[in-house]
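Note sheet for the following structure.
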Amino acid sequence: NGGSESGGNSGAGNTASQKPEDHSTDGKEDKGSDEKKPSYGGEVVMVVPQDPDYLDPHMSAASGTLEMMFNVFEGLLKSNEKGELQPAVASSYDISEDGLTYTFKLREGVKFHNGNDVTAEDVQYSIERLMGKDTGQPLKTAFANVESVTTINAQTVELKLKQNDVSFLSFMTNAILPAGYDKHNEAPIGTGPFKFVEYSPNQRVVIAKNEDYYVEGVPYLDKVEFRIMPDGESSLLALKAGEVDIYPRIGDERIAELGDGFRYVDGMQNMVQLMTMNITRKPFDDVKVRQAINYAVDVDSIIELIANGKGTKLGSNMSPVMDKYFQEGLENTYNVNIEKAKELLKEAGYEDGITTTISVPSNYKFHVDTAQVIADQLSQVGIKAEIEMVEWAVWLERIYKGRDYNMTIIGLTGKLDPHEVLVRYVSDYKANFYNYVNPAYDKLINDAKVELDDSKRVELYKEAQKILTQDAVAVYIMDPNFTIAMDKALDGYKLYPLYVQDMSSIHYLK
Amino acid sequence: MHYLWRRSVSLIVTLLLVMMLTFIVFRIIPGNPALTILGMNADEHQIAALEAKLGTDKPLLEQFTKWMKGAATGNLGESLKFARPVSELIWNRLPVTLSIAVLSMLMTAVIAVPLGIAAARARGKLLDLIISSLTQLGMAVPSFWMGILLVLLFGLMLKLFPTSGYIPWSEDPLGALRSLFLPALAVSIPQIAVVVRYLRTTLIEQLELDYVRTGYSKGLRKSIVIYKHVLKNALIPVITVMGLLFADVLGGSLIVEQIYALPGMGRLLISSIGARDFPLVQGLVLFTALIVIVINFTVDILYRLLDPRISLK
Amino acid sequence: MPTRDALIEVRGLTKRYPSGSGKWGASQYVHAVNDVSFRIYPGETLGLVGESGCGKSTTGDMLANLIAPSAGEIVYDGRSIHNHASKSAKQLRKEIGVVFQDPYSSLNPRHRIGSILQEPLRIHREGSAEERLRAARDMLELVGLDESYAARYPNELSGGQRQRIGIARALMLKPRFIVADEPVSALDVSVQAQIVNLLQDMQKRFSLTTLFVSHDMNVVQLISDRIAVMYLGRVVEIAPAAELFRQPQHPYTQALLSAIPADMPSQKRERIVLEGEVPSPIHPPSGCTFHTRCRHATSACKEQAPVLREAGEGRLVSCILT
Amino acid sequence: MYTSDASLLEINQLHVDIGDRKGRKTRRVLENVSLSVRHGEKLGIVGESGCGKSMTALSIMGLLPRGTAISGGTISFRGKELTSMKEEGWESVRGREMAMIFQDPLSSLNPVLTIGEQLTEGIRLHLGLSRREARAHASAMLQKVGMARARQLLDEYPHRLSGGMRQRVMIAMALACSPKLLIADEPTTALDVTVQAQILELMKRLNETEGTAMILISHDLGVIAEMCDRVAVMYAGEIVEIGTVEQLFASPRHPYTVALMNARPRPDRKGSPLATIPGKVPAPGERDSGCSFRERCASAASACGSGESLLLPAGKGHEVRCLLVERRREELQVAYA
Amino acid sequence: MLMMAIVSLFYTPYDPNAMNAKDKFLSPSWSHLLGTDNFGRDILSRILQGSRTAFYVGFLAVGIGLSGGIVIGAAAGYMGGWADEALMRIMDAMMALPGILLALMLIAVFQPNLTNTIIAIGVMAIPGMSRIVRSGFVQCRELPYVKAARSIGASHLSIMFRHIFPNIMSPVIVAASLSFSGAILAEAGLSYLGLGIQPPDPSWGRMLNEAQSHMSRAPWYTLAPGIMITMTVLGFNLLADGMRDKRDPRG
C-alpha cells in the first residue's frame, strides 16, 4: 500500500481514507440543506486525475482505478465508511477456531450487471482466478496463502488457508466476477450499485445506475462520469464553470480560490506523509543524524504552509484514523529543537554540515512543496539539501524499487489492516525502501500477524510504532486532510478511510 | 533523380531516424512500464505477470525490432497501459488535435492576412505601429499564460465558452466548435503574430520590386497592383510559413491540451511517456513525425506548384 | 608568335554541369564548355568574347584552377595543372591571379582593405607582418589609392576604387598569369577607362600574361593582342585583334561585330541581326552549333561539326564554309 | 523621321528632392531639369550612374520611389499638368498615353503571372476589350515585336523566356495601347550586344511605323548615337548639355560631355591610355554652389566655384550649362559687338 | 532586464528562498513590493533571482544551440553533397521529434537541474540554428569573394570561418537573440510542466506554475512572472529586430 499513480498534481498526494467517527462531514454545509430532500435521478461529473490502469479488478493495482470501480465491483465483503468490513455478496461468514477455514454464505438475489444471479460457482471462479490457478502465479500475493476453494452448495463457499493470517479477511473485498466471462478488461461486469458503461482513454469513465442493486434505495444517481483531468488548474476552472460537479482532493489552496459557492467535505485521509532517509547510506546510517533531522524539521510549520493548517501531525507510520491501533503521543517526540539537532550532528561527527539531496516525485506538488520547506528548515542546522524532482516512473523504478536515493518524500496510503501498514519496515519486505533492518521490529510484526488475541495484537502494533519513532526511521510529517468540493445541489458524500469514491449515496437535493 | 523521388526517400530516412532516436531515448531513460502502470500498491506477482503479458521482460532491442516489423506492415501494436491497439488510440485522439490545428489555422488566415496587408500598406504610419506592437506582444506572451488568461476572460468572466473538455463533432458540432474555440485561439495568437509580421515583411519587400512599378506604369489601380500582383507573390512564402506552423501545432499541441483538458495526442504522448508505454510512444512519435514531415513535404510541393519559377524536377 | 613556347596551353577543355534530370530521371548536363583548345603566350593578352552564357567564365575559372574540368587538360608552363601535388598547387595559386567581374561582391564586405590585400601574403607565408603591411601599402599606391584606404571597408569605396583593390589583390603575389573575368563590365564609362588604363599599366609593369574575358568588343579590342570568340561552349574563331576586326571570318563573329553600336551618329554600319534565340546548352544543336541562326547555313552544317582550323596568318576559324 | 514641331512633353524647371516627409534635411536629386519632347521624336538622355536619368523618367511617369518627391517645376504632357495630377488621373495616362520599359526585364515582370495575364490586363483596362479580344490583341502585339509562337507564349511564365524575349514582351506591353510616348530606361544594358542590336532595331522600327515618341536613357553613347534625334547629357541631377545628336557628337561643348566622349574605348586609341575623368559624381546633398562638375573638370576656373551656371544656347537647339562656354561666348559677343 | 539580473547578484531585498509561515500571501506593500507567495517568500526577490536564472538559461542554452548549429550548419552548408544530406536528415528527425521527448530524455538521463535544463534547451535549438547557418553557407559558398579567397589559396577552414562566417553573422545573431527569447520561453514552459529548474531555485516559469494555483487569492503572484517573461521576450525580439535592421550588410 502506498503512494499512488502518475498524473495529476492534485492537492494532497493521492491517497485517501477517513477516520470513521468524527470527520465524515463538516457540519456547516448541512445547514443549507435543511429544507431540501434527497431526490432520485440526475447525472454527476467527477474529476479524477488519472486513467485507470486496468478495468479488470483482479489485474488492477492502482488506487485511482479502485476509486472509480469501487462502485462497480463488490467482493464477498465490502468496507463501509468507517473502514469496517461488511457482508456484501456474502450475507455472512464464519471462521474456524484455528483460523484456517473460512465459510461464506452468499446473499440471496444478488445479480451481476448482465442480469445473471451470483452463484457459488462465480465465487469459486473469482477466488481461483486471484489464486492464479491456471497459471500458478497468484494475481495478488495474499492469495498464495489459499489452499483451496470449494463450493459447498449453491449458496455456500469454503476457503482453506495454508497458514493462519489474521488480515486475510480484508482481501475478501476483492471483486466477484461472473464465471466464464472473458472480457473483464474491456466490458467489466460486477455486482455493485453502478454498472460500467464506457471508458475513453484520457477522457472519461462512465458508469450508470444498477437498477437491480440489492440494497434498497440506492443508488440515487442515474449516471456518473469520472472525467480524467490531470491538471489541477483546469479541474478547478471546470468546477467553477459548472462543467464538473465534484472535485475530490481539491487541495486547500484551491478552496480559497473557489469561495463559498460550493459544498465542502473534509477529513483525515488514512495517509502517512513522510520523508524517508536511506539508512544504508552515510550519513543516515547514524541514528543521531536521523534524529537531528527530525529535530530540525518543523512539522507544524509545514502543515501551516503546505496544508494551510489542515493536516494532522504524525510521529510514526500510522494515521490516527486507525484509532484502534494508533499509538498516541509519538508526534511530539521530536518537537523542533535546533540546538539539540546541531548537538546531535556534532556528536555524529557532522558539525561541518551535510550536503545531500531530497528526491521528490515531480507530479506531486504537495510533496514538492514540502521538500522546499524542509530544505529551507534543514539549512538552519547546516544541512544543505538540494531538491531533485524525478518523474513518477523514475521514482518508482530508481527510488522505490532500486532504493537509490538519499532522502525522499512520499505519502504512504493506509490500509484497513495495520499489518499492511507496518509490514513495510520488515527487513526482508520487498518494498522496504528505507533499508530499515531491525530484528526486534521484524519479530513484533511477524508475531502480530498470527496473534489471534485482538488486544495483544493491538499492543504489538503500538510497540512497533514506538520503535519506528525511536529509531527515527523517517521524518513522519502529517496525514493531510482530504477535502472535497462539490456543487451545492449535491449531498450525501461519504468519506472512507480508503482511496474510494462511493457514489451510491450521493444525491441531488430538491 | 526526380525531385519527388528524392524527397520521398529522404522522408523515409528521416522517419527511420526519428524512430531510432525515440528508441534510444527509451534505452536511456529509467522507468519500468509494468511498475509504472501498477504503481506502489502492486506486488511482485502482479508486476511479473504484467511484464510477461506485455512482453516488457524481453530486451528492449527485441521489443523495438518486433515493433518495427509490425509498423512496417502497418500494425502499430498494442498500448501497454491502455491495452488497446495503438492505432485505435491515436485515431481517437486525432480529431481533437487536428481540429485545433485546422481551426487555429483558419483563424490565423482570416485574421492575419488582412492585418498583414493593412500594416504593409500603412507602413510607418500609426496603424502599422499599432499592429506591429500587438504582434510583438503576441509573440512574447508565453502560450501557457495566454491560455490561462483566455480562460479567465472568456470562460470565467464572460462565460462565453467552456473552459475545458471536448465534445465530439459527431455529437454536437456547435458544442464541439465552442469547446475548441478557446484552445484554437490560444494556439493561433502567436501564429497570427508570426504570420502578420512575415506577411508584412514580404509585402514590403515585394512592394519595392520592379514588377510593381511595371504594374503602375500600365495604369493599374493601387488595389489591383496590391491584391493581384503583390499579394500573390507574397502569399507563396507565407503559405510555407503557415504550413510549418500547422505542422508545429499538430506536433506540439501539448500545452493547450493540458490547460483545456482536451483529449488530444499531446496529452496522450505525455501520459504514455510517463507510463513508459513504449509501443504507444513509438506510435505517437511515428505518427506525429509522419504528419510533420508530410506537411513539410506538401508545403514544399505546394510552394513549387504555386511558384512557376521552381519546377518539380 | 607561334615560335615561342606557350605559357598556357589548353587542350580539349570541357566542362559539364549537372542540371536536374530529364523525364525519366536521366541526368542532364549543361555543356558549358565543349572541347576548347587554345594557347596563350608569355606576355600576351588573349581576349575571350561571346554572348552571355557561352562559357567564358567557366573557361576562365578552369584556367584559374577554381573549378575542375570534366575533360581536357590545361598545361601551365609545361605542366598539367590538375595533377599537381598540393604543395605545388599552392605555388600555382601564387602564379595565377584572378580579377573578378563584380567589384561589389568579390570583396569580402567584412574585411578591411588592408587585410584583404595582405591575406594572399599571409596565406603563402610571405614576409613578416611589417613587410606585408608595407607591401599592401605599396600596392595601394600602385593602383592609385593612398594608404588611408587600408583601414576602410569595401562598402566605403566606389565601384572603380573597389575594382582597383580587386586588381591589387590579384597582383599581391606577383603572379605571371592573370585571369580577368569581365573586370570592367560593371563600371561606368569614365571609371571603365581608368581601370582599363590601370590594367594595361600593370600588364606592362609586371609583364603579365592575361586572359581577358569580356563581352564588350570595344574594350577587348583595345586591350587584347589576340581574341578568341566563343559561341555556345565552343571557340569559333581566334585571331589577332586587329585582324579579327578588320575581317571577321566566322559568320557569328561577323554578326557580333556588326552589332556593336556606332561611335558616331554618322557612321552607322550595316547590321547583321541574328534571328532567334541562343539554343539551350543542355541540348546543343547538332553539327555546327551556330547553324540554327547562321545566314549562310547549309544542310551540311547541320550534320558536320566543324573543327578549329588554320585560316590565314595566326588565325583559326571553325566553320566549314570559310 | 516622324518628328513634328508640336511639343508632346514639356518639362520645366523640375526639382526632385529626397528626404523625410516633414521636409527636413532634404537632398536635391534633380535640379532645374527642363526638357521637351516633340511628337515622334527620339530623345536620348546620357550620363554616368547616379546622375538622375532614371529619376527624370520616373518623375514623368509619376512613379517616383518612396521618399522622393517633386518639389518644384512643371511637367506638361499633351497640355495636361502631371505634377498636380491625382492618382485617378494617372490611371488613364500611364499605359495609355505614355508607357515605360525598364532596365531589368526579368524583375520588371511579375514572376507568378503568365505573360498573357500581364499583357492583357493593361489592354483590357485601357481599350475596354473582352478577355478574348484582349488575348488576340496581345498576341498580335507579340508578333509585332518579332516573337514567333505568340499564342503559346501568352501562357508562359516570364522565367522561361530569355532576356531578349522578356525585353520584347516589355516593349509589347508598353506599346499595346499605342501610347504617344515611350520612356525606355536603359532597355538594353542587361542584354548582349547581338540582342541589344535586335531590340534597338525593333524600337527604331516601331518609332518609324507608329510614330511613338521616345525617351531613351542609356549610358552607352554608342546606343544614343545610333538611336536618337536629340540628346540631353545629365550630370549630378542637372542637364549640362542638350542638342541634336550631330551637334553633340560632332561638337560637344560641355567639358563633361567631351570627357565622356573621350573615355570611350575606341580602337583608334589602342596603345595610348584612355582619357579618364578623375573623381566621382557627387552624391545628392554633396553638391555645393557653383558648377557641380568643377572638381573633376580639367578646364575649371576659379569662377566655376561660385554663382549658378545657366543652360544657355550654344547654337540652334544646342544649349550648354558651363561658365566657360558662356564666357567664351560672351567674349565672342563682345568681340563681334 | 539585464540590470535586474546584475542587481540580483549583489542584492535582493530578502533571501529569495527564506520562508515565513506568517507572511504567506501578503499583498504588495512597502516591505514586500510585489507581495509574498504561498511560502511567505518575497516575490520581488524571487523575480530578481529568477531573472538571473532566465539569463543563465538564455545565454548558455543559446551558446550551446549556436555552437552546435554553427558546426553542423557550416559543415553541411560548406561541404554540400551527401554530408549535407545526412546531417540535414538528422536535424529533420530531431525537429520532427516532439521537443518534450527530447527534453525528457536529456533530463531523465542526467537528472533534472539547471545545467541539464540548459543543455536540453540548447540541444533543442541546434536543428533550427544549423538550418540558418547552413542556408547562409549555401548562399555564400558561390559568391565571388569566396571564389576570390580560393583563388589566392585560402584553406577550407579559413574560407568557412574567416570569409563566410562573418557575413552570415547577422542572420545568425538575429536568430540567436530570437532563440534567446525562445530559450527563456522553453525554460518557462518546461518549468511550468515541472521538468525544468528545480525548486526552490526561482524560475519565472516555475513561479507561474506555482502562482496558477493561487490565482484569485494572490493575483499579483501570477502577474509578476508572466509580465516578466513577456517583457524579457519582447525585449529580445526587439533587440533582434534592431540588429536585423542595423546589421543589414547593404543598409
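Worth a mention:
Letters A, B, C, D and E mark the chains as written, and numbering starts fresh at 1 in each.
The rule we apply is simple: a contact is a pair of C-beta atoms (placed from the backbone, for glycine too) under 8 Å apart; a residue touches a chain by one contact, two chains touch by 3 or more.
Quantities reported herein were computed from a predicted structural model and do not represent experimental measurements.
Under the contact definition stated at the top, the chains bordering both chain A and chain D are B.
Distances between chain centres, each the mean of the C-alpha atoms, put A farthest from chain C. By C-beta contact pairs, the most connected chain pair is A-B.
Centroids of chain B and chain D (each the mean of its C-alpha atoms) stand 54 Å apart. One inter-chain figure worth recording: chain C and chain D are separated by 32 Å, centre to centre, where each centre is the mean of the chain's CA atoms.
Residue positions of chain E touching 2 or more other chains, listed in rising order: 104, 108, 212, 215. Contact of a single residue of chain D with at least two other chains is seen at no position. By the touch criterion stated above, chain C contacts chain D in their complex at residues 51-52, 158, 160, 188-194, 196-197, 200-201, 215-219, 221-222, 245, 255-256, 258-266, 268, 271, 273-274, 277-278.
Residues 209-211, 213-222, 224, 228-229, 232-233, 236, 306-309 of chain B are the ones touching chain D in the complex.
Of all residues in chain B, only 29-32, 35-46, 48-50, 81-84, 89, 92-93, 148, 151, 155-156, 159, 162-166, 258-261, 263, 267-268, 271, 274-276 touch chain A in the complex they form.
The residues of chain E lying in touch with chain C in their complex are 143-145, 147-155, 158, 163, 166-167, 169, 249-250. Listing the residues of chain B that touch chain E in their complex gives 10, 13-15, 17-18, 21-22, 24-25, 28-31, 136-137, 139-145, 148, 152, 251-252, 254-255, 258, 266, 269-270, 273, 281, 285, 288-289, 292-293.
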